[in-house]
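Just so it is clear, A, B and C label the chains in written order, and each chain counts residues from 1 on its own.
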Amino acid sequence: MHISDGVLPPEIWLGGYVVAGASAAVVLRRYEERRLPQVAVLTSLFFVCSLIHVPLGGTSVHLLLTGLMGIVLGWLSVPALLVALFLQTVLLGHGGLTTIGVNTVTMGAGALTSHWIFVGLSRGHRSRPKALKISGVAFSATLGGVVVSGALFVWVLTLGGGSLGTVAGIIIIPYLAVGVLDGLVTASTVVFLLRVKPELLDRNPQPLPEYIE
Amino acid sequence: MTAAVSVSHLSYTYPDGRNAVTDVTFTVEKGEAVGVIGPNGAGKTTLFLLVTGLLSPEHGEITVCGKSYTERDDREVRRHLGFVPHETEDQLFSATLFDDVAFGPLNFGVPREAVRARVEEALRKVGLSGYEERVPHHLSSGERRRAALATVLSYEPDVLVLDEPSNDLDPRGRTELVRFLRATHQGRIVASCDLEFILRTCDRVLVMDSGRVIAGGTTIDILCNRSLLDAHGLEVPLGLRGRTSDQLRELLEAEG
Amino acid sequence: MHPEIDRFAHLDSLVHRWDPRWKLACLFLLMLSMGLERPGTRDHPSWEADLPPALGCLGLSIAIVLLARLPFAVVLTRLRGVAWFLGIVLVIFPLTYPGEKIVIGFVPVSSTGFLVALLMVLRAFSILLLAIPAFGTSRFDVTMKALWRLRFPAPLVQIILFTYRYVFVYWAQLRRMLIASRARGFHPRPDLRTLRVAGNGLGVLLVGSIERTQRIHGAMKCRGFFGTFRTLEEFRTRFADVALFSVILGAGVLLLLWRLL
């Protein structure tokens, strides 16, 4: 969920810049420069897909896809989200410029949560897990991430004082509904990936497949 | 004299067992124009990936101008080859055409002052003068294909390795490409399903099927060998059917 | 929807001719300053002290947009993205803000709450309006290269440029997929089949993207890529660049001081 400019006190969004920037730097430092195109292409895909209008309950919403990002990208979700949010603000005007850091932190925390839940629940399977099981894992992972993102979103807004907490409470409800839809779509996608390219779901130190050399 | 590209007993199998290349041997001398033809799945693209060092062979050797691909910095080898893959979106990955065409020269150590001239020259050769500031997604598919060629011309490799270069080009564009290739001194290895194009641009041809080189010879001889082509899923273009080698030779000479 | 920020990059204005490094540095600092507020504004805002400087900020942003000769209607559509969020703020704050309320009709409304919300909205618009003059008056890659010259981390710039390049590829691919599926009679419905189709579609794109990065990496290696990106873009500072920087940032600083005091 994007927090707009102008509503948060400067300490918060300045702090957001610092945390988001530092996290992205730490993550990117672990990856050789030659692999950056890989991150970029995937970020591009997620960015474009998150722009699809999905009709829901009379209006149309955008999928967040942070769950899927967390599952596929792992730690790289953080710089990916930073870039995606930057492009979203600059190209489309969704979101805030001063709040890019804060939004990256709230959504990034959600993506990482999804990643950890997915890894945690799918560990211990020597053989390929069944489709039903993996879709359940993916759904829970996504929903867990959505809840964490949502909680952080509410918390940050409440820190802003005034009635921002109430605003957050109102926005969070449709947000959670979208999260459920997100979970279903992510589950369906993960089932497909399991069938076609399971290496993408293998969690080991490298979240993205090494190039064939 | 060192051959431009020398391949001997090359073999490779993908991890899932598909599209192997088996025991391929051939040589391309400096300045030679060699075509590679064969049905889909014959292994042409795999062969190109091996020749350009993007895949490591299981058996056999590849040398480019006498040098082999090593683990470390391959730039000394790669600067001799200009690979243009089938999919242009993979070749044009920069924000502007200038950046894409300058990419090669900048990496291969061309001095910065000279790079701009190289870019302009390369774009001129493919008929895209003035396109430096254009962004790839605003180009037509034909323009993208020509731009992709420019990205390798700018660092002046010894051998061009072209995978389906005449795709997306209209007949005029194809003729211009033919004219350009015939005029250039660079050696080339061209894979194409367009046999007429191969006839016009390559002196010699290798026929591949199921990962092996089945036959090789002058383009005219091979294209007149109806039974050979039939046996490997290739078809002589309508306009060339029933012609003898002498007739084909005359056609080519008339083209100039 | 057209994700092309630099549709207007070919126009001409003072802002367009401004050296991108100076432009970005100035507008970014201006944006930061507009996000700062007098401590206590949230608890005890004052109509006389806080509203005029906020309007002044908005005025400065509008002036910059006009200086850049950008079609105002288009700029306004960009504000639509946050309009709903701010709309909720504008409605909720007066109704729920703690403190004394006046009664309008039958509804108790807090004028303090309304003022706080209004100030937030003004702040938000002032900041967002700057985005287009900042990023829409030069070609996107030029803007990014300018950021790099301003010591923005190179890996991030490279990722952004690359991501931007392939946004258009995927945008087109996605449209083709949607058209193709619709042509085969597929209509999105809230059912299991639609879910499966969506998951498959997303999966196909994901797998394809991994394979695409393989191929791109191969193409880069063949052209000698060895890890470091290089660019030839040159920037030159003129007096006008510094002058414009000083004037605009100066106005921003004055507004900031006005707000704080």
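One rule holds in what follows: a contact is a pair of C-beta atoms (placed from the backbone, for glycine too) under 8 Å apart; a residue touches a chain by one contact, two chains touch by 3 or more.
These figures come from a predicted structure and were not determined experimentally.
Chemist: Using C-alpha centres only, name the chain that sits farthest from subunit C.
Modeler: Most remote chain from subunit C, centroid-wise, comes out as B.
Chemist: In terms of C-beta pairs in contact, which two chains are most connected?
Modeler: A-C
Chemist: Approximately how many whole Å separate the CA-defined centres of subunit B and subunit C?
Modeler: Computed from C-alpha means, the inter-chain centre distance equals 44 Å.
Chemist: If you average the Cα atoms of subunit A and of subunit C to get two centres, how far apart are those centres in Å?
Modeler: So the centroids are 19 Å from each other.
Chemist: Quick one: report the Å distance separating subunit A from subunit B, using the average Cα coordinate of each chain.
Modeler: Chain centroid spacing, subunit A to subunit B, equals 42 Å.
Chemist: Which residue numbers or ranges of subunit B touch two or more of the other chains?
Modeler: 54, 93
Chemist: Residues of subunit A that touch two or more other chains: which are they?
Modeler: 37, 212 - these are the residues of subunit A that touch more than one other chain.
Chemist: Specify, in ascending order, the residues of subunit C that touch 2 or more different other chains.
Modeler: In subunit C, the residues touching two or more other chains are 161-162, 164-166, 169, 212, 216, 220, 225-226.
Chemist: Tell me, which parts of subunit A touch subunit C in their complex?
Modeler: 2-7, 9-10, 13, 24-25, 28, 32-34, 36-45, 47-49, 51-52, 54-55, 68, 72, 79, 82-84, 86-87, 89-98, 160-164, 166-167, 170-171, 184-193, 196-197, 200, 208-209, 211-212
Chemist: Would you mind writing out the residues of subunit C in touch with subunit A in their complex?
Modeler: Checking each residue of subunit C against subunit A gives 1, 3-5, 31-32, 35-37, 42-43, 77-82, 85-86, 88-89, 92-93, 95-97, 113, 116, 120-128, 130-131, 135, 153, 155-156, 158-167, 169-171, 174, 188, 195-196, 198-200, 202-207, 209-210, 212-214, 216-217, 220, 225-229.
Chemist: Write out the stretch or stretches of subunit B touching subunit C in their complex.
Modeler: Subunit B residues touching subunit C: 49, 52-54, 73-75, 78-79, 81, 83, 85, 87, 89-91, 93-96, 98-99, 102-104, 106-108, 112, 115-116, 133, 135-137, 151-152, 155.
Chemist: For the complex, give me every residue of subunit C touching subunit B.
Modeler: 139-141, 144, 161-162, 164-166, 168-169, 172, 212, 215-216, 218-226, 230-232
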